[in-house]
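Following are the structures in question.
The two complexes that follow have subunit A in common; it is paired with subunit B in the first and with subunit C in the second.
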Partner chain A sequence: MNEAPVKQRSLVREIWKNRAGYLFVIPHFALFVVFFLVPVAWGMYLSLFDYNVFSRTFIGLENYKTIFGDWLFLRALRNTFFYTFGVVPLWLGKALLVTVLIYPFRKSIRTFFKAAFYLPHVTSTVIISMIWLWVFNPNFGLLNFAMRTLGLEPVIWLGRTATAMPSLIIMQVIMGGGSTIVLLSAAMSSIPEYYFEAATIEGANSWTIFRKITIPLLKPTILYAMVMGTIANFQTFSNIYIMTKGGPQFSTTTIAFLVYETAFVDYDLGLASAMSMVMFAILVVLGLVQFKWLGSNVEY
Partner chain B sequence: MRAKTKTNIKKAISLLILGILASLAFIPLYWMVATAFTKPSLTLKFPPEIIPRNPTLDNFKELFQRKIIFRWTLNSVIVSGSVTIAQIFFCAMAGYSLAKKRFPGGKALFSVYIASMMIPTQVTLVPLYIMIARMGLVNTYAALILPAIAAPFGVFLMRQFMLSVPSEIIEAARIDGASEFRTFTKIIIPISKPAMAVLGIFTFVGQWNSFLWPLVVTNTSEMRVLQAGLSLLQEQVPMQYSYLMASATYSAIPMIIVFLAFQKYFLRGITVGAVK
Partner chain C sequence: MKRFGVILLVLVMLMIPISAMAKITITWWINPWRIAPPGFPSDKAPTEEDFPKWAAEEFMRQNPGVEVKYVVVGNSEYSQKMAAAIATGTQPDIFKGPVWDNRWVGAGLLEPIDDYLTQEEIDDFYEIALESGYVNGKHYIWPWNLGTNGMGTTMLLYTPDFERAGVDWQKIVNEGWTMEEFVEIAKKLTWDSNGDGTIDHYAISFGAKDTHNILNFLYAFGGELTNEDETIVTFNTPQAVAGLQFVIDLVEKHKVAPKGVEAMGIYDVIGNFHAHRTSIGFGGPYEIGRITRYVKSGQLAEEFYPVIAPFPHIEGQNGASYTSASGFVVFRQKDAEKRDMVMKFAKFLTNKENTALLESLIYLTARKSVNELLFQNDEYLNEQAQTFARVMDETGRDFFGSQSFPWAQIDKFFVSALEGAFSLTQTPQLALDGFVLEANRVLQRIR
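For the complex of A and B:
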């Protein structure tokens, strides 16, 4: 009978005893609750409403039914998957290649290349997009100049449905991957050197060493880079907003762009919230799948 | 001797591949700067001038005639600066507590932070906008700054760093009679300076380059930050590439300088939390 109050009192005492711990967390956590956790919960709630200029009515799962019956949303999903699964593997491939290639060099050269590959990361996506819009320009752009110099036909890169999305993917792969390179290099330098030496003495060639030693030992880092890369690229927005506005013929409309348009152009806030929730759910599933697939013996 | 020649050939091929990959990313950046110094009439000419033959400052002069660009720069400095300072201290405090203090709910708190890093921006975008609008904060610095301070990544980063701080130092200070607050300011902050520098640089650059939230939450030209302002220019004068590239160069250079100055922090910082 007395147990509950006693338990409660001891919990209060426990909290009082550890008040310093709470006091240090609270400044950030308070903001985090107000400007992050509450909006997340509110977003779930909003997704159940017909919420726009004219109405604020509870409609249950109606928004979800609407978006899954909407060809444009499904198209955006497909585009987003195409973009993400185009960029992430190529990014990882590029990062792995660079990491392995710079490994044998002395430190100054390694640092130089790491810095060189990281440089585009400090330039905003807005700027990178403006530059590439100019590079892709069909008449005066650098790329078509290169094409003509090589004796090839100029291409309207961003103006055709067939080439627009692949062009954006290539741009992202060329400019990106820098942080993954830094990550992988750090992980690789923590592999004891005698692993590689022993394998070389045993007569293993570079490809075997790469497959049997490098890749397995880098697996946790590759997994981390893959999950983070998937999350980041799945939300791609700025390049679409600046370069294509989702066109031509919706071939580059990503979910993030569609959420923006639905919310702040059509002002259909309930529908936009439902879309963002689907996006969230997909990222959770993708994350779990990646952990399951690669993470079998990875410890965190 | 032969083995040595073989490694040298291998290294030469490696350098070639690395050089090509690095130039691919570098050429567009060079092209931005080159175009910025080219006369507007010459940009719409074929073939393009790879090295501007008569470099000109006209594009920058024209850019700086729009006084609004200085307002955008000031906004960017105010927003990025405030967010960075607040993040450094709030995240250092929270990270210290989550790494070094045991208290009921501490583990759960940390899990919430970790899980929230997987949530895409779009999830909070709409509700946050409604919230800010109801608070009457649209078009204010508060709207640009407060949600950015609440971002979870910094807490994660600082917590991972604080784990490596030996607990003995903290205990020793406590035994010597230092208060919790004193222990934090006199022991923890000095030790954490490298991690705080990393977080500060990442936050500043990230904030300077952020686009979506400022685009949504400001609607007058005066309240735009630099990136959102650039997209406005892009819409107003879509074909004036020399002018646009001058504005892009103007906005990119501060961050490139920050990067070159603090390079080692950048390269080290990315690995915090990912590699044990």
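For the complex of A and C:
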């Protein structure tokens, strides 16, 4: 007897059995297909064309050859990695630190701090960038005012290749992490209190408790925050567009910004699609690596 | 069967008046122009919606069979919106953006307007205005305004500072100033306001991301962007390098402009001038209008009245000022009746009465006959407009090559060169060499 039809029948039966669940999933899945899978597939397709809005010619992998031979794309790739791996660890570190520091307080105080840190998350990036532009202003900015008050030489934060990207990273770390704090706080609240009590009775100090209990039990949430943070920061655009336009001397040009310029200034949609596909592939690999590295199951 | 026939007949009869009544829909995209339409209260600052809303409604009133749908498209978002529209075949029927793209002509997306231009209009529009849309022997722009919002055209002098420094600003307005005179005057306009030993008031300021003003100096020193047939970018000649070196010296050697040029853009420069942290600003009449507008909208506390003056020039040579014009382009129409109506709408927007509305924005128009009548009731503005027109006439030139030159694609390399030069990580020569190398690569790839 052939096994395939049997398997097929059981699959259909299984789907029919759980039809209510599938019905609930269908609307979301349909939107996911239309607004994510189709554009990704379309992007892959376009990346094989010399497509400048006005005409479309199939050129195979030529766009990929071009971008990997283009110093500006390689610079953008380097900048994007630098930005992402500058922001994500500091961002997570900050979120973890704040979560641990506010954890011992009573609920109302914890809620106040969580709300305070979450507030920038619901503020427009454009507004935040405009405020920070003033903070970093070389002549009349808050930061250089503080430098002068301390007797230090003012710094042209966003105008020098050495300081522009670190300035953007610092801004992002200070303003970001609100949602991660909320997530980590929720995760921390679900750790049974007696783990900490038992460790304290056994004589473990705060650092040991943090290292041996808190961090391992927060691992799934940290993994989630890390993956999502990496994806979000790898695609950073708004703050670059508003604050530096990729300068000075392309030192803050990220891949997302370069994709924008290539697509909407140069009208080279084929090349821009190829760049997007490279970014997509890198993010998939990074996500897999992170899951592999931190993906162990935690049960408590 | 008989009943079916009757129903069909009734449906057909109903369809006829519906199709006869079908309106022609015109989609109009325009970037933000805060023009006061007729009857607008004089104590209020118009918004970007007021003019297109009025123009659409007025045209529909005059042409009941037409529906005009306007969309205000931001200056920074229009290019991606247009790229997406062209890619999906949903471009507007008529468009006015900060710039237009001559590649639209090459792709057959635009309608030439030659058949609709009358001799009277050709005579009335400035030649430069018509030329701004002239590609491959045909005109594609319905001219509307003359000059950009002013950057790179002329300078604005805050006269109280000049008087405090004992400088005769009227002489500058009437006779111009050489580069040497400019430096000496700029030194007098740079001071320590609060006596704490630190300079906090400068003559002028620059932003590397604002290329127009800096380009002016490169041209004034004799630099040229390209060779005559625009096949090679040549902006690294000794003249161009000397122009860039001059601006850097204003910051580093003469210290008459604040440092940090590499991190600043045009709005920082405008902000410095509005806050009287600098005595010299940039721009034409529109920039004077910006002051009034900012006061009305509460962005600026107090109105002030700068005067327009030319950029400095090399002794014995002409200076430079950025001259350009822009207007409305009409996208390709399949239906002849609709094409005629879109052209009629373009003519309506650019007729004498409606072009004159640019006066509320303190802009010069693309029509000679309208400009003669502007600012008749305001001696100050009339004087500034006349100075502006005179400077443009004497020293006006294009800064970014012809309509087919791909400045948009090489602009980022020029900004990068300026950033390198002003941050002193590159010499002006090295910075401009780098720009020329990259710009020629782009040119080669495109052509």
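Please note the rule applied: the second predicted complex is superposed on the first by the 258 of 300 C-alpha atoms of A that agree within 3 Å, B and C clash if a C-alpha of one lies under 4 Å from a C-alpha of the other, contacts with A are read in each partner's own complex, and residues count from 1 in each chain.
Assume a contact is a pair of C-beta atoms (placed from the backbone, for glycine too) under 8 Å apart; a residue touches a chain by one contact, two chains touch by 3 or more.
On a predicted model such as this, the values are computed, not experimentally measured, just so you know.
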Clash-or-fit label for the pair subunit B, subunit C on subunit A: clash
First, second, both or neither for A:Leu158, with subunit B first and subunit C second: second
Which of subunit B and subunit C A:Thr208 touches, first, second, both or neither: neither
Partner chain(s) touched by A:Met175 [first = subunit B, second = subunit C, both, neither]: first
Partner chain in contact with A:Gln8 - subunit B first, subunit C second, else both or neither: neither
First (subunit B), second (subunit C), both or neither touched by A:Thr200: neither
Subunit B versus subunit C, judged by how many residues of subunit A each one touches: B
Which of subunit B and subunit C A:Phe234 touches, first, second, both or neither: first
Which superposed partner A:Thr57 touches (first subunit B, second subunit C, both, neither): neither
Touching partner for A:Phe36 - first (subunit B), second (subunit C), both, neither: first
From 297-305, 369-377 or 423-431, the subunit C stretch with C-alpha clashes against subunit B: 297-305
Common interface residues of subunit A - those touching subunit B in one complex and subunit C in the other: 137, 139-140, 260, 263-264, 269
Subunit B residues within the subunit A interface of the complex: 7, 10-11, 14, 17-18, 21-22, 24-29, 31-32, 35, 43-48, 89-91, 93-94, 96-98, 101-104, 106, 109, 112-113, 116, 118-131, 146-147, 149-152, 155, 180, 184, 205, 208-209, 211-212, 215-216, 227, 230-231, 234, 241, 244-245, 248, 251-252, 255-256, 258-259, 263, 266-267, 270-271, 274-275
Touch list for subunit A against partner subunit C, complex: 52-55, 136-140, 156-161, 245-250, 260-261, 263-267, 269
In the complex, subunit A residues that touch subunit B: 11, 14-15, 18, 20-25, 27-29, 31-32, 34-40, 42-43, 46, 94, 97-98, 101-102, 104-105, 111, 113-120, 122-128, 130-135, 137, 139-140, 142, 145, 148-149, 174-175, 179, 182-183, 186-187, 190, 221, 224-225, 231, 234-235, 237-238, 241-242, 255-256, 259-260, 263-264, 269, 272-273, 275-277, 279-280, 283-284, 287
Residue numbers on subunit C that touch subunit A, as the complex places them: 79-80, 83, 86-87, 101, 103, 106-107, 109, 208-209, 258-264, 268, 272, 277, 408-409, 412, 415-416, 419-420, 422-423, 425
